[in-house]
Each structure stands twice: as structure tokens, then as C-alpha cells.
Amino acid sequence: MTQHQETVFVVSAHSADFVWRAGGAIALYHQKGYRVRVLCLSYGERGESAKLWKQGKTLEEIKAKREAEARKAAEILGAEVRFFDVGDYPLHPTKELQDAIVQEFREHRPKFILTHSLEDPYNADHPRVTNFVLECRILAQAEGYPSDHAIIGAPPVFLFEPHQPEQCDFKIQAFLDITPVFELKRQAMECMEAQEHLWEYYTAVAKRRGSQAVRNGGDKSIVYAEAYQRIYPTVGSELV
Amino acid sequence: MTQHQETVFVVSAHSADFVWRAGGAIALYHQKGYRVRVLCLSYGERGESAKLWKQGKTLEEIKAKREAEARKAAEILGAEVRFFDVGDYPLHPTKELQDAIVQEFREHRPKFILTHSLEDPYNADHPRVTNFVLECRILAQAEGYPSDHAIIGAPPVFLFEPHQPEQCDFKIQAFLDITPVFELKRQAMECMEAQEHLWEYYTAVAKRRGSQAVRNGGDKSIVYAEAYQRIYPTVGSELV
Amino acid sequence: MTQHQETVFVVSAHSADFVWRAGGAIALYHQKGYRVRVLCLSYGERGESAKLWKQGKTLEEIKAKREAEARKAAEILGAEVRFFDVGDYPLHPTKELQDAIVQEFREHRPKFILTHSLEDPYNADHPRVTNFVLECRILAQAEGYPSDHAIIGAPPVFLFEPHQPEQCDFKIQAFLDITPVFELKRQAMECMEAQEHLWEYYTAVAKRRGSQAVRNGGDKSIVYAEAYQRIYPTVGSELV
Amino acid sequence: MTQHQETVFVVSAHSADFVWRAGGAIALYHQKGYRVRVLCLSYGERGESAKLWKQGKTLEEIKAKREAEARKAAEILGAEVRFFDVGDYPLHPTKELQDAIVQEFREHRPKFILTHSLEDPYNADHPRVTNFVLECRILAQAEGYPSDHAIIGAPPVFLFEPHQPEQCDFKIQAFLDITPVFELKRQAMECMEAQEHLWEYYTAVAKRRGSQAVRNGGDKSIVYAEAYQRIYPTVGSELV
Amino acid sequence: MTQHQETVFVVSAHSADFVWRAGGAIALYHQKGYRVRVLCLSYGERGESAKLWKQGKTLEEIKAKREAEARKAAEILGAEVRFFDVGDYPLHPTKELQDAIVQEFREHRPKFILTHSLEDPYNADHPRVTNFVLECRILAQAEGYPSDHAIIGAPPVFLFEPHQPEQCDFKIQAFLDITPVFELKRQAMECMEAQEHLWEYYTAVAKRRGSQAVRNGGDKSIVYAEAYQRIYPTVGSELV
Amino acid sequence: MTQHQETVFVVSAHSADFVWRAGGAIALYHQKGYRVRVLCLSYGERGESAKLWKQGKTLEEIKAKREAEARKAAEILGAEVRFFDVGDYPLHPTKELQDAIVQEFREHRPKFILTHSLEDPYNADHPRVTNFVLECRILAQAEGYPSDHAIIGAPPVFLFEPHQPEQCDFKIQAFLDITPVFELKRQAMECMEAQEHLWEYYTAVAKRRGSQAVRNGGDKSIVYAEAYQRIYPTVGSELV
């Protein structure tokens, strides 16, 4: 197969989300030969950097630190990363951001897109980004939307697992086996020095999802998995 | 691939359901080399044979006629068919039927199972069968359930499209391209002489689902499709 | 219009339900010239006769008392009533009861059917009856179901308001103006001597629903209303 | 009855939506003697004019073409049409548009309002318009909202069928028989030259809904129907 | 217990909402020794002052009258009240309002927060305020949100009962016994001279909720109650 | 407080469920001075004893082993346990079992009841038991249900966490801090020798729920928690 030029997109509200929630998928698809492009809309500088604020860092220092960490994590996972710095808590996507994301989709033509859940009563930025991404994808499909690039087809969208899935009405529709790349995900997580308490937490999540993946018919070799919800139906000549 | 001995199961409340709702999948998987095993729990003799009753046929004549039609349709599609004759309208699965279905699953080890929707305010037999099938699958997984055959793993279950999907809260999660086999599905539908009004109806449904499949990213060559809802998450090392 | 012979059905789990929940509809349709047929599956002798048990009455005395009260209420409202005495708490519809109800529908051909809500965490008999009634209606539509009477069409089904509607996920889709007949409903309620505490309660419910009916575009003259949920779509050449 | 001056409103995100989704209702209510007023918020110039863009037309040419087509279709159906040209993909209702729609409702006092569905993962403009219309109706009811016209009552709102109803969680609550006017709807659809692929598609939809309407108790003469979801409860002295 | 300095927050879209929907909770918590702080985002001057507009009052007169009434009601209930005057119908929270509410939460550290329901098809301001309040609470928890005050923990949020709870998908999760303070709530309601029709309505609501509270295991002495929906799980070392 | 005679009930479909899902609550309430009564409807001999079947044990041996383990676990947690041996996979509650449970509730008057979730596509016994328990509670409230004991009030019902909560639509409404008793829960889990793979799994679950409990406002000392869903509203004179 010559899928090597194809691009997988990950749209992350804050600069670390892509690591906790989709680090395994990123590493896995990188290893499969895909280009993985992570779009960090903000650095999570206000909402997800408590430790740094407590250390007395300035806003600019925090953003720099968060960017550096995210770059390092992306490198480990094999992803390109682009930062948009639109601010967080609250994160309000602008018209300019919308166009930038549409052009990203037009230019790089996503094989599929990973982003946040549709609901999250603990985090208003996340579902706002999800809805924003869904609309950017729709605009990128429209012949009349101005661009130097051709329209895209209908790439699947997968939602990654929020921190408290039951309260976000998160419905698991796919377990992705990330066992072969888990070590990379762990290393990437450890780049996030300000959120050390989450390393173990998301390792335990991956293990639990791995165990459930086996229970749902997966190979007994699966140890670690990530859970995803699918927005659009699959299409093809196979059901499984 | 040597999937050729693997078996696909279709559990049909009435003897014609498998044709309208899953005829494409059956023909397709037969062509892929799978064994397809259709279990008809009843003949639909009371609830879905209005034309025959109006012709003054007796119950036994109707059952014989419906069986003959279903056998012919199954043959066209490439499926084996087994009839259980438990009666319909209402269809109440018995303890004996439960054991028979569990043993079927144990012996033939389904690659996946197709059956009815979870709700249907127009047809009480359908969701009752769905819940029954889900429980039979669970029993077939239990080490302590008595059988000459080994336990099964966790085969996926797909629900086929009911007659009025919106009122049945049917959620489409997979479009299956049945274009290459649609001619066979049409021929199989035409075996159901008592339900001639449905031939055109389900041809139009297949065309509409085909058109939607393309819209959801399917190949532009898709003309006919069947829609399915999935009960359990997918598991694997690919998302798409 | 010559709708005068048409029959409206009310299926009531316990002998008083039809009064609290549909007394207004019954009186109204009686006045419109319809025949209204109330089917009381049980007397509510165990579950809804606390006061009589505390008075030391026997089961037979309670059933007799409940029947007498229900007959009197039905007379005031203008309804016929038939008792099936299948027992309550728990109320388990039998095969014989099912046939009896199907034959009722076949013989009297309901213009529409009123019954309980789909859920009720405070009362297990109610939703069990609802599902039972929906299935009887389906069976009455089937050409092959044995009967001396012709099959019926597709009569609408309306669910009446449960005691705690929010917890029963009751969705209001129709407000019925019962202002002109409310006095009769009140009189009928007062026949239920064992449940005196409910007279005021359901008068207040009727007033609240009346006030909401006005708010939803009803005539300002509406003072009392009953709320209903609809199971099947309306059909016709008018939307309002 | 002298309902002849009463006005039915159709609020359409893009200039062709009213034809595919409510063309039958429009023609029918026009024939009943109602004034039907269609408000096209945009021309669908960017999102629903792919064929014209591929022909190399400019934005202004496309808008002109879409307006001309919509005018012609409206004329065939018997509707007045007003264009607001707020742009599409994305369609963001402005404060000025809001006031304009409120004043429309105040001046013409809708008998009922038809608009889009509450959800649509394939089209972000549609649900945004639905929520916008619901709010305009609320504002038009408020005594304190500035206007030369009196407040309105509580006109019913019906949602018309989206392109992929199951994925939009569209719940059918009313089938409208459009058989007598279907020929006009077809002619109106054929005005939309840029969307020829949809003529057959929506003819098949109308036929399928017609078949389902009969199944739900409609007259056997029904061949074509449109499906609607209702937002607010009905109110009146009849249930059916 | 020395909870006396703790503050309960009530965020009210319009100046009278806090009285009808949470007047009992306010009086009760005031009597328990809590400080109760009511934030009225608007006066409800356009949307909920019909009677005053009909009397020919000006906008400023109406606002003044509504403020005076609300102040009087708050005083009776024992609450402090702050008005933000951002306008209603439509009520669009501004960036400035957001900061003001975040600072309120930071400074006064809510024990819990009461606000509107998540849905309301009759009132667009209410759910918009609910979502706004939930986001302000999240921002107040963020270390990086600029403020002179320390971050807050995770105060519970309760939604008070909307006017037509079933249509707002309002789920009751807590009945609060307001019997001991109902007389105060009634007096506070009577301050709202422009909405006299609601005094009896909400007295009947309180009585109905009281009766249901007893039915759900409450003390038989309960006569009046208020119903609340909870957004976040409870946490503690007791289940009941 | 003299709550010491009050009884907490745990109804467990299979003999080990009470340990994994409610072991913390049991130990905690035992320590608070409550009597905790565990009702094991079956031994889980067929569905949840795979390891024992693989060892070649007979049905009777397995039941004996499971009973011994459950007794030992109950003893560690401080609970009484009663076995009903109605069989599992499938578990069909009989009329006799229903009466036995109703009499249990009547005699011991539950402070509250813990049982399974409302849905579980992986386990048909669990939701069947939940619905059965809810109905037994309703019957125990009915004055007319025959018994030597007085009727009960309206004890709260809490559902414990199923194995795959997202797929069971499990909604967390309460986190119970089980930190002080977790060591006992771990010891009780270790009694279940046949399900060793679950010891670590449910320790991780408890840790995750503990972490979430803190995030939802719980004391920072919480390390382990259990999650519960509530069926009926709370009632009282406090919201938190």
C-alpha cells in the first residue's frame, strides 16, 4: 500500500490534550507511514498549567514552556505540530482561526480527524473546539469556500476520551490497540512536567481500555488501548 | 486469507426479514467465501402473510409457502437456512429455542451476527428477538453453559434496518456497499410473492442508502447499500 | 359527521387510573357522541387501596368496593367499563388476557387508544400494561391472528400522564382542553373514596395543564386540560 | 372558514431548502387559501452550488442564478419569497437579521412556522438557523420587544426532514399528505438546475413517506408525503 | 458548625426568576446562617413585564419598577442582590459580564450555585445563562485566570425548575423541603406585582413538589418543596 | 445517633458482584454501625467461574467454592449474606424469589438498597436483577401485598458501577469515599480466587474514582472511591 503521503489530523484545544488522549493513535499512525499533523489551538496556558502559575511564572513563560513540552512530545510521537495561540479559558475560535483550519484541511486532506468530545461539563473549551472542527470540515467540503486548494471528501472524525467520560456522555465505538507504541506515549506524557499527576492516571486508563478491548473480541496480546467515539457512519464493502 | 470456513449468522424473526434487511450482506459475504447461516425463528405466518390469508390459505399452507419462498431466496443469496417454527405474532422465544441458538453459536462460531433493531413500535417480535439473540451470544460465551462445543469469543453484532428507522431510534453506524450483489438481492426479494409491494420499496431504500454512503466518503461507484447499527465497539489496530 | 358509532378505548392497569388520568378525555369524547370503552385490567386491589386495607377489609371486599366505585365513575363520565380481574402488584398480563384485548380491538375498532406511560420507576404495573397494549394493537392488525372480526387499521395511541411525569420521562405532545367537562371529572374522582387525597392533587394538575395549554397557543378560555404523549406520527392533510 | 388571510412561514437557510423539504406543504397550504411566506436567509451560494462553481461562475452570478431559480420555484408553489443574503457556509445570523425576522413574525402573524432540524452533523448552517428561528419567535411574543406591530401568540413550529434524518436524530411526528400537489413540488424541484441529482432523490423520499403515512393509518390514496417533527405540544379539544 | 460565613449563589436571568424558582432555598439557607447572594443579569424588562408595557410604562420605568420589586423580595428572603442590567430578550452575556461573575465566584467562594435549566424551548435566555454560569464556574477554578482572589474548588450546581419542566427535559434529582419558609416565599412572590397570575401557580407547584417529596421518602410533615436537578456528582462518605 | 439497627441491602446477581462493585460501601456502612445484608441471587456458577470450569470442577463443586468465597468476603466486609441459588446465565427471578425478596425488605426495612445498572449489553442477568429489585421494592410498599410485616417507606436505590460503564449508559451521581476501608475491600476481593485478574482491575477503578471524587469537590485525602447512580430524587432540608 502507498498510503504514506496521507495525513492524519489531531485538533487539540490545549497543547497537552493530544498527548493524553491520542498519543497512542499518533505514534501508531506515524509508524504506519502516515504524516500526523497536530493543531494546538491554545497552549492551555490559563486552564491547564496550575503548577506553573503556582511557581510564579508569567503568562509568556508559561506559554513558552508549554510549547516546548508539546513540541518535544510531538517529536517523540512522530507528529508535526502547529500552534495557533488563540488563548484558552475561554477558548473562542475566531473567523481567522476558522479559515486557517479550513485551509489546513484543504491543503493536507485528512485521512481522518481526531478531536474532543461533544460534551464536557468540566471544560467548556473542549466541546466548543469539537463543534468548531466539525464545522471547519464541512466548510472544507464546500466548493464555494474560497481556497487555493481543492475541496476535500468526507474524512471520518473520531472523538478522543475526555477526562470523565461518563459525565460527558462519551460513547465508545472503537478501541485502538496501542500496545506496540505505548512506551512512546508514556515518554511523551512525561514531557508534560507541569501535569505529572496525569502520567499514572492515563497509563491506568490505557490499561483499562486495553483490558476492555480484549473483552470486546480483541487479540489477547492487547495490553494498552485508546477509546474513540465515531461521528459519521463507516462506509465500505466490509462490516468488520 | 483463509477466512473461508468462517460463518456469518443472520437471525431473522420471520422468514422474509433476512431478505429485505440483510440480503445484500448475505450475498456479499457468501461471495467473499464465508458460510452464511440464516436462522428463521418463525415463518411470519400470522403477521406478515396478509395476502395469503386473504387468498383463504390455511395456516399450514401458508407456513409451507413461506418456507419454500425463504429457501429459494436463501439459495439465490448463497445462504444455508434453518427454520425453528416457534410461531409469530407474538413470537415468544422458548427455553428450548434459546439452547438451540446457543448451540448454533457454539458449533459454528460466528464471525459476526446480524439481527433486528432494539426498538420497533410497529412490531413487537423484532426487538424481542434482538434481545434474545444478544442473550444467546452472552450464554455462548460462558464457560459454564453446557455444550459439546467450546465457548465463543466476542463476535460483533450488527442490527439491520427496520421498516421505519426514525421511529425505531435506529442509528446508522455502517453503510455496506452491496452494489456488486444487488441483482441477487432483487432476485431474492422477488421470491417473496406474498409481499410484492416491498420489492420496489426496498430497492428504493438500497438506492437511498447507496447515495448516502457516497456522501459519507464511500467510493463514487456505490449505487446500493445496506445500513447497520453496531452494538459493541470495534477493536483493532486501525481506526478506518 | 357520523362518527357517532366510533369507539374510543381506555386501557387502565388499575380500576381508578382511567379517572385520574383520562377522565376528561372520556367525558369529552362521550359528549362528542363516541362510545368510550374502559378496560380495567385489575382493581388495583393490592397496590392502590391502602386505606381499605387499613380498615381491615378483605381482598374480596376491596375488589367489590373498587369495582363499585369505578362503575359509578364510569357512569358519570359516560363510559362503558369491563373488568378483567387479573390481579395487581404485580400485574402480569396472561395469554388469555392478550387474546381478550385483541378481540376487543377487533370487535370495536378503536378510533384511538389511551393507556399508561412507557416508563414509571414508581409503578411496575403501568409500563408493563403500556407495552402489552401496544402489542395487542399490533396483533389486532395482523391478518393471520385468529378472530371472528376483521383486522383493524392503525389507531393512534396516546399515553396519559403518570403521577410523577418528570421521573417517567413523560413527553407532552398534546394538551386536551377538558374545561367543559371538568365538573364531571371532579365528580368521577370523588367516587374514589379510598383515594380522597388525590382529588385535590389531580384538580391542581388539570389547572396547571390548562394554564400551560393557553401558553402553548390554546384559547384563553381554557381552564383545565389533560396532557398526553403520542406514540405514532399523525397523518393527514393538515399540520395543525 | 375564513382562514384565507392567515400566513404560513417557511424559514430556509439556503435558497433551495424550502423546495426539497417543504415544497409539498407550501403548495398545499397555498391551495387551502393561505398566504405562504418563504424567508431565504442565504442563497446557499457557497455550500450548495457545487455545480455552478465548477462551471466557473462568479459569486455574484451564482447568487443571481440561485435567486432566480428559487423565485421560479416559489412561484410554482404559490409562495412569496424574501431573500436576506446573509451569506452561507458559515451562515451567522446577525442582530439585524434577528430584528427583521421578528418584525416579519409580528407583521404577518404566522399560523405556523416551518424550518430546519435541531441537529445536523453534515450541515452547521441548518441547526443554527433552527435555533435562531425559535428565538425570533420567542422575541416576537414579548410585549417589550420594540415593534410597530402587536405581539404574536404561540404559533406551532414544525421541523422539516433533513437529508440524513437518522444521523440528525430527526423524530417524525406528522406525515403530511402531499399527493394532490406533488406534481407542483416536482416542477419546483426541477427549477433547481444546479442540483439535478436531488430531483429523483426527493421524489423517492416523498414516495417512501407516503407509503409510511398509509401504514400509520393514512388514507390508502396517499402516494406522496412529507415528514415533520413538532417542537411544541398541540392544544385543542380533539386528540385526533 | 461554623458555616455561617459561607455563601450560596443564585444566578437569575431576569429579576424575578430567583423568587419563583428558588425563593424557598434562599430563605432556608439564609435561616441556616448562610449569606445568599443573588445575581440578576437583567431586569426581565422586555420579556417578562407584559403587564407594565400594557400600562404604557417606559423602558426605564419598567426597569426601575422591576428592580424595586426584586430588592423587596430579596430582602424578605434574606438575600443580597446585585443587578447587572445586560438587557434581556435576548440576553447575551458579554465578556465583561463573564469577568464580573468569575470575580464574584472568586471573591465569595460559593458553597453551591443555583441557576436555570439546560434546555427551554420557551425561553432562550434561560439556557444561555445556564451555560454561561457553568463556564464562569470553570474559569473561576483556573489558576491562570487573572484575579485578585484565589481559585475556587468545585462547588455543586443545582438547576431550578423551569416553567414547563417536561418540555425542558428537566430531571428532578433533589426535593428541598421549604415548608418552614414557605410563608416568606409567598410574601416574596407577592412583591412581583406585574406577575400576579404566577403567585397561585407557583404556590400550587410548591404544594405538588411537597406531596411528591413525601412520596419519595420525605418526612410526612413536608407540605411545600422545590425541585432541583444536579449537574455534578455528590462526593462524600455518606450516600444518603 | 442511634441508626445502629438500620439495615443496608445489597442485591447481587452473582455471588461476587457485591465485592467488586459495592465492597467499599458495605465495609463503610458496617463500620458506621449499620447491619449490611447481602442477597446473592445466584453463585455466578455458570457465567462467572470460567477458571473453575477449566479446572474440571463439577457444577456442585463450583457452587460450593463460590459460596465459600463469598461468605469469606462478606465476613471481611462485615456483612451478612443470604444465598438464593436460582441459577445464572440466564438468571430468571421466580415468583417465589420475588416473594422472598419482598419479605426481606418488609422484615429488615432497608435504609437504602444497592444493586446493578439498568443496562448491560455484556450481561443480561444484571439489568434483569435491577428491574426485579425495583419491582420488589414497589411491592414491599403496597399495603395489600400479603406479609407478616408492615409496609416499607421509600428507601433510596443506588446502582453500582458495571464493568464497562460507558456502554451501559451508567451515569455517576455519587462518589462514595471508601479510602478508610479500602484495605478491607482489597482483602475481600482476594477471596475470589477464581477471578484473580479482577483484583488489580477493580483496585485501579477505585483509584480512578477516588481521583475523580477529589476533582468533584471531595476532600483531598480521598484516594479510593466507588461510583453510584441514583434512581430516585433525594429529599430533605439540605441540598449538599
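A, B, C, D, E and F label the chains in the order they appear, each numbered from 1.
Criterion: a contact is a pair of C-beta atoms (placed from the backbone, for glycine too) under 8 Å apart; a residue touches a chain by one contact, two chains touch by 3 or more.
These numbers come from a predicted model, not from an experiment.
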| item | value |
| --- | --- |
| Required minimum of steps from chain B to chain C, each step between chains that touch | 1 |
| Most remote chain, CA-based centroid, reference being chain A | C |
| Label of the chain whose CA centroid is most distant from the centroid of chain F | D |
| Proportion of interface numbers common to chain A and chain D (over half same, under half different) | different |
| A-B against B-D, pair bridged by the larger set of C-beta contacts | A-B |
| Interchain centroid distance [CA atoms averaged], chain A/chain E, Å | 38 |
| Rounded Å distance, chain A centre to chain C centre (Cα mean) | 53 |
| Residues of chain F touching at least two other chains | 122, 167, 172, 215, 227, 232-233 |
| Chain-to-chain touches, reported pairwise for every pair that qualifies | A-B, A-D, A-E, A-F, B-C, B-D, B-F, C-D, C-E, C-F, D-E, E-F |
| Chain D - residues contacting chain C, complex | 25, 28, 111-112, 153-156, 158, 172-177, 180, 213, 215-218, 222, 225, 227-228, 230, 232-240 |
| Contact footprint of chain B on chain C as seen in their complex | 98, 131, 134-135, 138-139, 142-145, 231-233 |
| Chain B-touching residues of chain D, taken from the complex the two chains share | 122, 163-167, 170-172, 201, 204-205, 207-208, 211-212, 215, 227 |
| Residue numbers on chain B that touch chain C, as the complex places them | 45-47, 49-50, 53-54, 59, 62, 89-90, 121-124, 167 |
